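Paired with subunit B in one complex and with subunit C in the other, subunit A is shared by the two complexes that follow.
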Partner chain A sequence: MLLPSFDYYRPQSLPEALSLLGEMGEDARPLAGGTDLLVNLKLKKLAPKVLLDLGGLEELKGNRADDGLVSLGALDTASRLASGGPEVPGLLAMGAGALGSPQVRNRATLGGNLVTARPAADICLPLLALGAKAVLAGPNGEREVALDGYFKGPGYTVKEAGEILTRVILDAPRPGVGGGYQKLGLRQAMEIALVNVAAHLELEDDGKTVALARVALGAVAPFPMLSPGAASALIGKPAQETCFSEAAEAAAAEARPIDDHRGSAAYRRDMVRTLTLRALRQALSQAQGNQEAQA
Partner chain B sequence: MSKQAIILTVNGVARQALVEPNQTLTSLLRDELGLTGTKHGCGVGDCGCCTVILDGETVNSCLVLAMQAQGREVTTIEGLAKGAELHPLQQAFVDAGAIQCGFCTPGMILSAKALLDHTPQPTREEITKGLSGNLCRCTGYEKIVEAVQDAAGKMSEA
Partner chain C sequence: MSGNFEVIGSRAPRKDAPNKSTGKARYIEDIKFPGELAGALLQSPQAHAKIKRIDISRAQALPGVVAVITAQDVPDVKYGVSPARYDETLFAVDRVRYVGDEIAAVAAEDLATAQRAVEFIEVEYEPLPVLLTVEQATAEGAPWLHEQFPDNVCAQVEQEFGDVEAAFAGCDLIQEGSFFSKRQDGAFIEPNQCVALMDSDGVLNLHSSTQVPHYVQRTLAMVTGLNMSKVRVVKPYVGGGFGPKASATPIDLAAGFLAMKTGRPVRMAYTREQVFLFSRARHGFTHHMKIGVKKDGTLMALDHRATLDGGAYSSFGIATVYYAGSLLGGPYKLPNMRYHGLRVFTNKPACGAQRGHGGVIARALFEQQMDVIAERLGMDPIELRLKNMMETGDVTCNDLAMSSLGMRECIEAVKNGSGWDQKKGKLPKGKGIGMACGFFVSGAGYPIYRSETYHCTIMIKADEDGGGIVVYTASAEIGQGSETTMAMIAAEAVGIPYEQVRVKSGDTDFGIDLGAYSSRTTLMTGHATKEAGENLKAMILETLAQELEIDQSRLDIKNGLIKISGDPVDFSAIRIGYIKEHRGWQDQPSGDELTFREAARLAYLRRGTLVSTGKYKPPVLGGKYKGAAVGTSPAYGCSAQVAEVSVDFETGQIKVERITDAHDCGQAVNLTSVEAQMQGSVSMGLGEALFEEVKFDGQGRILNPSLGEYHIPTVMDMPETKCIVVESGEPNGPFGAKEVGEGAIMPTIPAILNAVRNATGLVLDETPLTPERVYLAIKKQKGA
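Presenting the complex of A and B:
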């Protein structure tokens, strides 16, 4: 399959990239890992005149920890995230490891996954559950946007054409915090989820009460969504099966699945319930494990 | 935009080529450098036939622009054998009958090599996961897994 014609630029700094993007407007597309963009070009879904390779931008690389927060570079590959490290929350590593195949994970990036914004995106769901913010750089400087509110539709976000997603900011991993990621597909690899769920739990110092919770649902709405009902069924309650079941019911009620060639809406709603329950159990076990390791 | 000159290392040898902006790494290897061991399959990153190792990591070369290979190191299936002596993985694929039509084999072997480079003694599950980006349409997966296990054993003895 052939790529259509385009010009190729590889800017060496973020200001240079933003100025090129500003000059070319909608004719230019930023290129990160290319695992979605180049496929869409080959399938003739997109026909940009220029590809702006972000691979040379140091501003988009490397992870930093500072004052309880971590800042992850948009060019972090799924492979690197999946292999973890002190700055990478376990939940994010799980999601990144579930994406595509080894070859795809070696190219696909954190920033690319957020900008492509597919409803079942394996990196978007954990980030949403973790309460992450995206840093968008534009001609007038940078802005931080909470991911709750960032997604607008399939492949559509609040990022404007002249902006580049440079980094992602989130809380640093700490004791008493755990995540669970559950992905249901028709096969175990190289799969777009039929339903996926990311759950994030923060426990009080007693190791039993839920201080904060977020449950993100994939493939059951036009974009990755949070379930506010699940969160409120959990926060302030004892972290145990009774309230996990209530949270799972709330998530199933709030999901907005549709029937499509991969599965029916009713099946998806049922699976939201099941996967939410499993993700919460997994998150609790991780949170308690963390806390014990610390004690 | 006209062709641009790039320099890269392929199988340990510095190579130079003139490439178009819309030329893929698959096309650079096959059409410019004559290395037709890298196969062009689906072209959209699903089948893994075009797998090569780029700076130590497997990639679908159909989804890498030739220009992105500037200054980088590529290993293709042609880079594995030492003269007439096959790489242990290549020999194991032959011995186990893990090759039927052979179209997926270069990609399979490179994925297996990358796996063994990081995990010299993989479990069966690690092997199937490591090869999950490579499709065999002759459906000979069982023998492919056996071949990787066999090669892992022989390589650790050596």
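Presenting the complex of A and C:
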């Protein structure tokens, strides 16, 4: 298959990139790993006149930890995130490791996953559950947007055409915090989830009571969604099967799956329940493990 | 049954391994000709419509466009696979029958221009009712896709062997079941591609990624009106075929016409989506079977109905629908069998042959029912199979002769190899174990077109210096290792080391070979190669005997050395002659024995270039009933597999953890290649069992025409696979060899089905076993 013709720019700084983007407006598409963009160009689903390669922008690279927060560069690849490291929460590493195949993970980026905003995106779900914020740089400076509220539809977010997603900010990994990631598909790799669930649990110092919880659901709404019902079934309760089951029920009730050729809505709803329960168990085990390791 | 071989049965490194592992292997994509034009196809966006008007003027006017052709520009010749059912034209004449049906082709200076020109062709369609299912196509008043096929019936088969009703009347137990499978894609790694060009001899040369150079040559000659001698087909390395590449494609033909029209090389290639549109892969099958047995488990009768959703054209379908019935004749003794087969046209891409051809889903249901019967009789499934299995010398009720059959050895090998007795009935919840058997032809007994032609011919030429030999074969190396196989057979037959054999293959200028399909190459091309090798050896030894003035029967060649029986013979004159000819060389022959090199050189000096030939066609095979040819073969491979699975009751996910696989290939030519075919079959069968399904929307458009959304197994999905090679020694095979390429897939799906049944108690009747399908069945079972 042929790529259509386009002009190619590789700006060397964020201001240069933003200025080019401002000039060219809707005609330009930023290019990071290209795992979605280049495929869609070949399939003629997109026909931008210009590709703006973000690969030269130092502002989008590297991870920083500061004052209990970490800031991850938008150009971080899925394979780097999957291999973990002190700044990368375990939940994010799990999601990134479930994306595509080794070849795809070597190209796909954190920022690309957030901007492409597919309903089952393997990096979006963990970030949503982790309460992350996206940093959007535009002609008038930067703004921080919580991911809860960032997604608007499949491939559609609050990011405006003139903006570039530069970084993601989230709480640094710490003891008593754990995550669980469950992905259901047909095969073990190169798979878009039929349903995926990311669960984030923060325990009180007692190691039992849930201080904070977020459950993110994939492939059951037009975009990755949080289940507020699941969170409220957990917060303030002892982290155990009873409230995990209630949370799973709430998540299943709040999911908005549809029938498509990959699966039926009814099956997906049932799987939200099962995967939420499993993700919460996994998150609890990780949180308690952290706490014990610390103690 | 290991004969006393020097080369056969070893793990000789594959001839293509150095090129393929270093990226030097040349596929069509890598072969460029000066002045190439790029071709593109216009394919129908409608599943069923009349063509009211085609206007190519805007496309022709586009700068860079060299030629645009439609049905008006090519002879009105119908083609297909089976001559009795030629129902395709290269371009739609007045009607399109599926999304993807070919309407026109363009040749332009570059691909972007060719593709743009295709968009500039205007076609006015008048929609017709779209028939996407067998039910729609056979409904009262449904329009016929082809005038010559009333009621959309492509083929109907009625066969009865023995007396099924009488046998049922005497049975103690009757078991009935149905099965539904989905259309597949071949999912070979290299999409079809070709380049056509006229040479200065007026020969149309087609370089194509195909399994069957000869059939492509024949079809291209027939459709263009050229003599066979004016068409040459060359197949470079090919990235897999699995059946869908076993006939000429529209791009083979269109590139040929465009090259003739423009006088320039024309390249055409399918995208992955076009591979799905062309299809010619596994049909969707519906089977219903009624099986009767005696109390002691003796199989008495089978009543079998099969319906095939064929798509828009016949393709291989006539063979498919016959195979779906005939391949149940074995490997169990079944005295009475009735088969009703029906293949129906629908407005979807045509289905054809794929690994295991028509037999795979029929085998799946039959083996599943065998397990249910075993349970109902209180027998172990292995015991039931051992009780009924055929042995060497048995003939099926439909006249297929098992000249060798290591069925017992295969069953016992997987029973012991899997630890069956320790596991069956003793596994924890969620785990299951199941087994199944199968058998398959070692090459179709008859060519696709009716002819007394040899199925393959071979030429071997000895190097004039005696250093080695070159085997010329028109057979098709498509990744299965046939070049290596022929090199090993030639080495064994001549009596020289494997390293001294070079193979040139895949070119119709080298002779006749029907190609890589029906698991025929090792047995058939192997026979011809063996014969040519033996002839070459005889020529050399005849000359040598004359020179030494001894009887030829005293001479033999082994591992590159001349073996002389009886009293010592003085051969110093030959050696001195050779050494004198080669002054300056450092590797002069020495030692107590005369070498092949000296003997072959001598033979050249006495008779000129040494060329020997070999040929093969099977004897007249099979019964006299209608359709008796389909299923015949000079030999049959057989196999057994044990699958071990775990089932997640909360999601319906199945994980195949282990496969123990035994296959009787008669005699392994290359042990590594035999194991590779077994592993490949497991992978393909596993994909069909668990994942693979081509899906359509209501307008006949494919919803998942990519390897992202059409799921074949990844290496992560492959179970641990233990391969056990059984060698029964096939009297009709070269050095005792028979097939492994397709027979090995037969037990995979039913072994998985039976293991899942063992884990869940569910008799699942629909593949693929997606998590949702399994989950719903578990839920239903709980509710019941």
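Observations
Rule of thumb we're sticking to: the second predicted complex is superposed on the first by the 295 of 295 C-alpha atoms of A that agree within 3 Å, B and C clash if a C-alpha of one lies under 4 Å from a C-alpha of the other, contacts with A are read in each partner's own complex, and residues count from 1 in each chain.
Convention: contacts are C-beta pairs under 8 Å (C-beta built on N, C-alpha and C of every residue); 3 or more make two chains touch, one makes a residue touch a chain.
This structure is a prediction, so every number in the text was calculated from the model and none was measured.
In the superposition on chain A, A:G155 makes contact with neither subunit B nor subunit C. In the superposition on chain A, A:S264 makes contact with subunit C only, not with subunit B.
Contact comparison for subunit A: of subunit B and subunit C, B touches the greater number of residues. In the superposed model, A:S101 lies in contact with both subunit B and subunit C. When both complexes are overlaid on chain A, the residue A:L194 reaches subunit C alone and has no touch with subunit B.
Look at A:G207: by the touch rule set out above, it reaches neither subunit B nor subunit C. In the superposition on chain A, A:P175 makes contact with neither subunit B nor subunit C.
When both complexes are overlaid on chain A, the residue A:G229 reaches neither subunit B nor subunit C. By the touch criterion defined above, A:T35 reaches subunit B but does not reach subunit C.
With both structures placed on the common chain, the touch criterion links A:L184 to subunit C but leaves subunit B unconnected.
Under the contact criterion defined above, the residues of subunit A that touch both subunit B in one complex and subunit C in the other are 1-2, 5, 101, 188-190. By the touch criterion given at the top, residues 1-8, 10, 31, 34-35, 38-39, 42-43, 51, 53, 55, 79, 100-104, 106-107, 188-190 of subunit A touch subunit B in their complex. Subunit C makes touch with subunit A in their complex at residues 111-112, 115, 271, 650-651, 653, 690-691, 695, 703-704, 707-709, 711, 713-714, 716-717, 770-772, 775-776. Residues 1, 21-24, 42-46, 48, 51, 54, 57-60, 62-65, 67-68, 111, 114-115, 129-130, 132-134 of subunit B are the ones that touch subunit A when the two sit in their complex.
Against subunit C, in their complex, subunit A makes its touches with residues 1-2, 5, 101, 184, 186-192, 194, 261, 263-264, 267, 270-271, 274-275.
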